[in-house]
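Here is the structure we will look at, set down as structure tokens.
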Amino acid sequence: MSLLEIEKLSLTIGDTPILSDVELSVAPGEVMGLVGESGSGKSITALTVMRLLPWAARASGRIAFDGIDILAASEDQMCALRGDDIGMVFQEPMTALNPVKTIGEQVAEGIRWHTRASRADAEDRARKMLDRVGLPSAQFPLSRYPHELSGGQRQRVVIAIACALKPKLLIADEPTTALDVVLQAQILDLLRDLVAENRMGLLLISHDLAVVTEMADRITILRHGEVMEAGDTARTLSEQRHPYTRQLAQASMHVPARARTHEVGQDDPLLQAAKPLLQVERVTRDYPGRRKSLLKRAAPTRAVDDVSFSIDPGQSVALVGRSGCGKSTLARMILALDGPTSGTIRFRGEVITGKSEAELKPARRDMQVVFQDPYGSFDPRQKVEKLVAEPLHVLEKKPTNAERREMVAKALHEVGLGPRDMDKYPHEFSGGQRQRLSIARAIITRPKLVVADEPVSALDVSIRAQILDLFAELNQKLGVAYLFITHDLTVARAITDQVMIMHAGKIVERGRTSRVLDHPQSEAAKALVAAAPDLHRAIARRLQEQG
Amino acid sequence: MKLWKTILTAAALVLANGASALAARTDLVIGITLEPPHLDPTAGAAAAIDEVLYANVFEGLTRIGADGEVLPALAESWTISDDGKVYTFKLHSGVKFHDGSDFDADDVKFSLDRARADNSVNAQKGLFAAIDTVEVVDPATVRITLKNPQSSFLYNIGWGDAVIVAPETADTNKEKPVGTGPFKFQNWAKGSSITLIKSDTYWGAPVSLDKAEFRIVPDAAAAVPALLSGDIQAFPFFPDPESVAQIKDDRRFKVVIGATEGETILSINNKKPPFDRLQVRQAISFALDRKAIIDGASAGLGVPIGSHMSPANKAYVDLTGLYPHNVDKASELLKEAGLENGFKATLKLPPPSYARLGGEIIASQLRDVGIDLQIVPVEWTQWLDQVFTKKDYDLTIVSHTEPNDIDIYSRKDYYFNYDNPTFDKIIADLNHTSDEAKRMTLLGEAQKILADDAVVGFLYELPKVGVWDAMLEGFWENAPIQANDLTKVKWTE
Amino acid sequence: MTAYLLKRLAIALITLVLASMVVFAVLEIIPGDPARLMLGMNASADQVELLRNQMGLNAPLALRYLHWAGGLLSLDFGRSYTYSVPVIDLVRERIVVSLPLALIALALSTIIAIPVGLFSAGRHGRAGDTIAMGAAQLGVAVPNFWFALMLIYLFAVWLRLVPAGGFPGWSAGVWVALKSLVLPAIALALPQAAILARVTRSALIEVLNEDYIRTARAKGLPFRAVLWRHALRNAMIPVLTILGLQFAFLLAGTIIIENVFYLPGLGRLVFQAITQRDLIVVESVVMLLVAAVIAVNLLVDLSYAVVDPRLRSRQ
Amino acid sequence: MTLRFDIPEENFADILVKAFTNRSFLTGFVITALVAAVAIVSFFWTPFDVTRLIIADKTQAPSPVHWFGTDHFGRDIFSMIMVGARNSIAVALVAVGIGMGVGVPLGALAAARGGVVDEAVMRLNDLVFAFPALLSAIMITAIFGPGALNAIIAIGIFNIPVFARVARAGALAIWPREFILAARAAGKGKALITMEHVLPNIVTLLLVQGTVQFALGILAEAGLSYVGLGTQPPMPSWGRMLFDAQTRMVAAPWMAIFPGMAIVVTVLGLNLLGDGIADILDPKSRRQR
């Protein structure tokens, strides 16, 4: 008998249909993966089970949990269920904890509420639970506040809250999306162990097919509020019977076609003579420590520590590392948006560090940037024409209006958009289209180097594949060199020639992409590679397990 | 509405603690608008000091009565020598100061000598200018010798500035006044109230009030609600004539309109062009509609005047017909003066409502003849500084409250900047004339000259509006001097 | 924590010093000679000059400032021109009216506002919320002095429940004295309560959208418990900010209300002093109120640290 | 205080549709427009001439001839309110202008430059905030003379730090955005970025604050005029009318009731308008991610 049984669940918010006829079940001890791209309704499904929907939402159908009709249950009944029989873990650990209460209070609160235990008993149980999720009370006393913990640690606290009363069902909504790969692997391991220990049912919601494949026994694929396909994970993904399943799986494993890879440096005597495009020499960046008192400051934090490397013209390089390793700081210094504490950066042989904005103009013409967030990287108040044309500011000779429109049209064409898009506002475009706009803006000055900071990590897998193709294509067509900043090894593998692994402000390993990712040498690289979910590998392992 | 009021009032009665049910009331809260700067009437000109203390806490040898007459006070009786220079006062016996010390002739000598001393800070030293010597004949007799006869001497020593103080307490009277009156000082909550209580040791006819609190209510706006709500039971110098009609309809209150010595005038700077021209001043006089001004600024209370003399005065000559309200005539005069296109001027207004309200009306009336007035409200200190002292003004409105003060127009450097030798001569003659009929003629001539010259715009005589609980009696109706004599005030059944 | 405290303290002190300079400078440039004002119109030029020397008005500007500021520190505010008593005595007499009035009004506004804010936030978007917030909107729009006039006519003139104004002094009995503060306190408090209720509500609604509220709900806590236990404390920071501003406003802003009710408080003292050009009193009281505002702001800053552990542990 | 807000991404037509389906905005807009219209009409026409005093008609109760009655000088109160709207609005509007004109550049500068400049601007703000606004306004007008101009200056000065604070907080929320980084990567200087990207994005924020300060300005003008320090006769303003009415509450309560209601309605309208604008920009009612 199933623990959770969802039948014909339909839901509308206001007049907008969100879910239609969703069917889903979770058995005790089973891991059910719920997969879908953004807007597919997977989070709403979870919130419906918890009955934590906005009050404008109307649900129909049936949800049975452990024999209780959830949709018909009273609010008191639901309160009794939540936290006791059903636990939930959310995506954003940084904001999921109340900042003004200690972690002890927050874990104990649910215990006290449901069991009417004394404060001391509840705290005792909370201490044990925190210990279980990897926060031993010696280092993490109950009196800690959330802001004193890192993201991964906070997610452990959230899991402790959810699992404190050993619920029958745990719902985890994108529990690792905000974490880097290494933390993701740790948290997934923890969840897996907890489920096994207590024979919990787990409803794991994710956009990441690889993660779900590694974790889930069965999988339900959701699209636009409808179930596309459901079934055994390994079989569903290996057979790929439904076209959407196939589309998702292929997009997840997509590698753009690249006719000519650019293997230079040590290996290629012909190009070795050519001057490197970018040279980073012994660059260090310190941030001043917090003021301890009026006169004293803590020791400075070293974000980037004595880093040197170079990029050749046309080369595509990935800078990979865990969050907080200093890769974004390094990127900002290369873009001359921030200055190093020591060391120099040369672009096309000229020093760009410590230069005034006017002196930087020629360098800026040849160096552009693509950001991660397709929503935040455009000023919503301006039209596409003006936004894409923004880098033209660095041209020596200001183009006329007609010239400008022509250049913008050309750039838009190159990224697959039409000239009519010029007069639209950014909000009229989808996320993928915006990232195309972002690329159009980056190439309008015909730069020699584009720095791309996590350019596809905010995109759904199918869109991500298209954007990666576009990057590859432009690399071929325009001969532009890339520096990709990413924590995602699949991206690095897909379109870069070389990979640099960054750890704690230092570059610890560099080499050809395939070599580094297949045979990592340094500890940091090994950890990254080991933790990175890989759909191929996961399916293979599942099939193997099932024989 | 009615029903609600009944219900709520009933609720209020239940809540009230029934204190009002007591039979004979002996306490009183009196409203005053200005707070005295200190409490020594012999050391300051502020009328507010007398409003609280005169005849209540402090007494002189004589005192001034409700109609301006001279009455005996600490002096039981007196004799005047035939040449009019020697006054012998017989003092009451058994009089005690509030601090318990006895009052005798030495105190009189001390007080008068102190007031006329060189280093005296008395605001009205002129009152004592005629005194040559003050002698103690015996503890109950004082002889005062004058330098020359002065018919107003007994009146003069009846002023608040001439009250008798004890040598021991003279220096501390500012904070803690000690006098011989029927009330003694109890408490001064600065900014709020001054409380007097009945003195047990009073020598004269006992007063019927046990306690009198002078509550300071500076805003006219607050005066009405304070009265209506019963917080204040009497407001002898009621600052808000506008509300009089309203209060009159309320049977709980008595409203008494009396006379003052206040000629309210539109003062003109006679030396400042174009006001130095007679036609212009006359034009202004023709442009003024006194009835509208009295109605608008003084709720219709107040008698129009045509020159600088109170209509109640024996010497009064009715000159109000000289400049009737006539806009055409005014315009014509301005045209004669070459100002047919009008001109601009300022009108500085001190704080009292007669000035602020009257100013708006006058500005509107003068606008009808092409004179565009810019209204500049000023505080008293600024008015005294800019207008009265520096004569930096075009027009202003003020009430001259001193009695018999027509001579100010002959004073050199007075803020009117008026200079007329003929008028000066009349005033000089007046000072040397004792014949009553002759005096009347001279005063009539003086009034006529001022009116003919249109020295200022003569508006109206300021009324004294007194409001008090209908159960109260004994307040002064008129204001011969600014005082709240409580000696006869009592609650009736 | 100490760094945070020290920084706030330093800022408060700097502001205080700057404010004293501004007050001093403004009163320096005011037209009119204080010595002349004190002596009146009939004094001779010699007398004025003598007094100027006595008052130290002929000393260099910087010296005069230091002397004045030093006096302030030792609570020596000088003597009032009009009352010729030490200003500190006047202040002492008045503050026993203004401070209780401000505190009563503050308490009243808080007692009204916080429950209304909680009520409204809990019913966000529903009829109860709309009605409560409509009333709050109205409360914000009503000028307090006009409201005071209406109160006087309703409760003092029409129903005769409370005095229309004036203050009998605390010696007349606490109950009697309090009674005369009721209307002014209501007139002051209601518009402030309206503002505070709106702030409380919007702060709560913002907090209720936070992820950790969902976490708490997922624990099985009913909405009401979440509102009180999790939302309220997090919403306290904007509420405290407004409370701090309101106290400053109430202490000084009583100026008009004290005039309407002719209460002998600091507000009226300063108003009277302004019209009488009693500049010593003006500058002293303004300085005092400025110091009070700065002190309350400092207190609010410190209370942030009590409410928010993130500020507390900031090294 | 940190400021959090999202930038609306709809285009003008969408916003307009939203605006006119928002109850708060609509009510506020209608009231404000009405008040503004009344003020404008008063330039050309009022039922009665408010410059003429007709003492004979004084303090008449509301009637079909004088809808709101007459004042102590026989002027028609309805006409006075119409003309008074002009002055009340003018004072508040110019004061807001002063606050925005000085405050916004200061706030934007502080946010763009940071460091010492920021610190200096913030300390200056603290300084002004330390002075209780109304008290200081009374002091300023009392010292430099009562009148509309000084009232404007007094109110305006206290608007400066308010706008500086809002502009700074808004700008600080804009500066870390990626599109600013993009502009910087395009070689644009801080001044240019402030003009092109920062200010346009905080305009709505300033607009909301502007309506709030506008409303407060009307209240402040009324307060100053009520104690006799604001607009001076013969210029009518609502506060001035209340000043005249305060002594006549019993005899002619309409003199106090109608101008008071004019203030309440106008302030209410402005606040609703501000609320409405803020509502329309509310992140919750917009795109979901």
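The letters A, B, C and D name the chains in turn, as written, and every chain counts its residues from 1.
Convention: a contact is a pair of C-beta atoms (placed from the backbone, for glycine too) under 8 Å apart; a residue touches a chain by one contact, two chains touch by 3 or more.
Everything quoted here is computed from the prediction, not taken from an experiment.
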Counting hops between chains that touch, how far apart are chain A and chain B? 2
Using mean CA coordinates as chain centres, what's the chain C-chain D distance in Å? 22
Round to the nearest whole Å and give the separation of the Cα centres of chain A and chain C. 50
Between chain D and chain A, distance of the C-alpha-averaged centres to the nearest whole Å: 45
Multi-chain contacts in chain B: which residues touch at least two other chains? 219, 221, 225, 228
Which residue numbers or ranges of chain D touch two or more of the other chains? 246, 249-250
What are the residue numbers in chain A that touch two or more other chains? none
Taking the top-of-page definition of touch, could you list the pairs of chains it picks out? A-C, A-D, B-C, B-D, C-D
Write out the stretch or stretches of chain C touching chain D in their complex. 11, 14-16, 18-19, 22, 26, 30, 137-138, 140-143, 145-146, 149-150, 152-153, 157, 209, 237-238, 241, 248-249, 251-253, 255-256, 259, 267, 270-271, 274-275, 282, 286, 289-290, 293-294, 297
Residues of chain C defined as touching chain A within the complex: 2-3, 6-7, 10, 210-212, 214-223, 225, 229-230, 233-234, 307-310, 313-315
Provide the residue numbers of chain D that touch chain B in the complex, in ascending order. 51-53, 55-56, 58, 72-73, 145-146, 228, 232-234, 246-251
Along chain D, where are the residues that touch chain C in the complex? 1, 123, 126-127, 129-136, 138-139, 142-143, 215, 219, 222-223, 226-227, 242, 246, 249-250, 253, 256, 260, 263-268, 271-272, 275, 284
Complex interface listing, chain B residues touching chain D: 219-221, 223-225, 228, 240, 242-243, 245-246, 291-293, 295-296, 353, 357, 359-361, 363-365, 367, 375-377
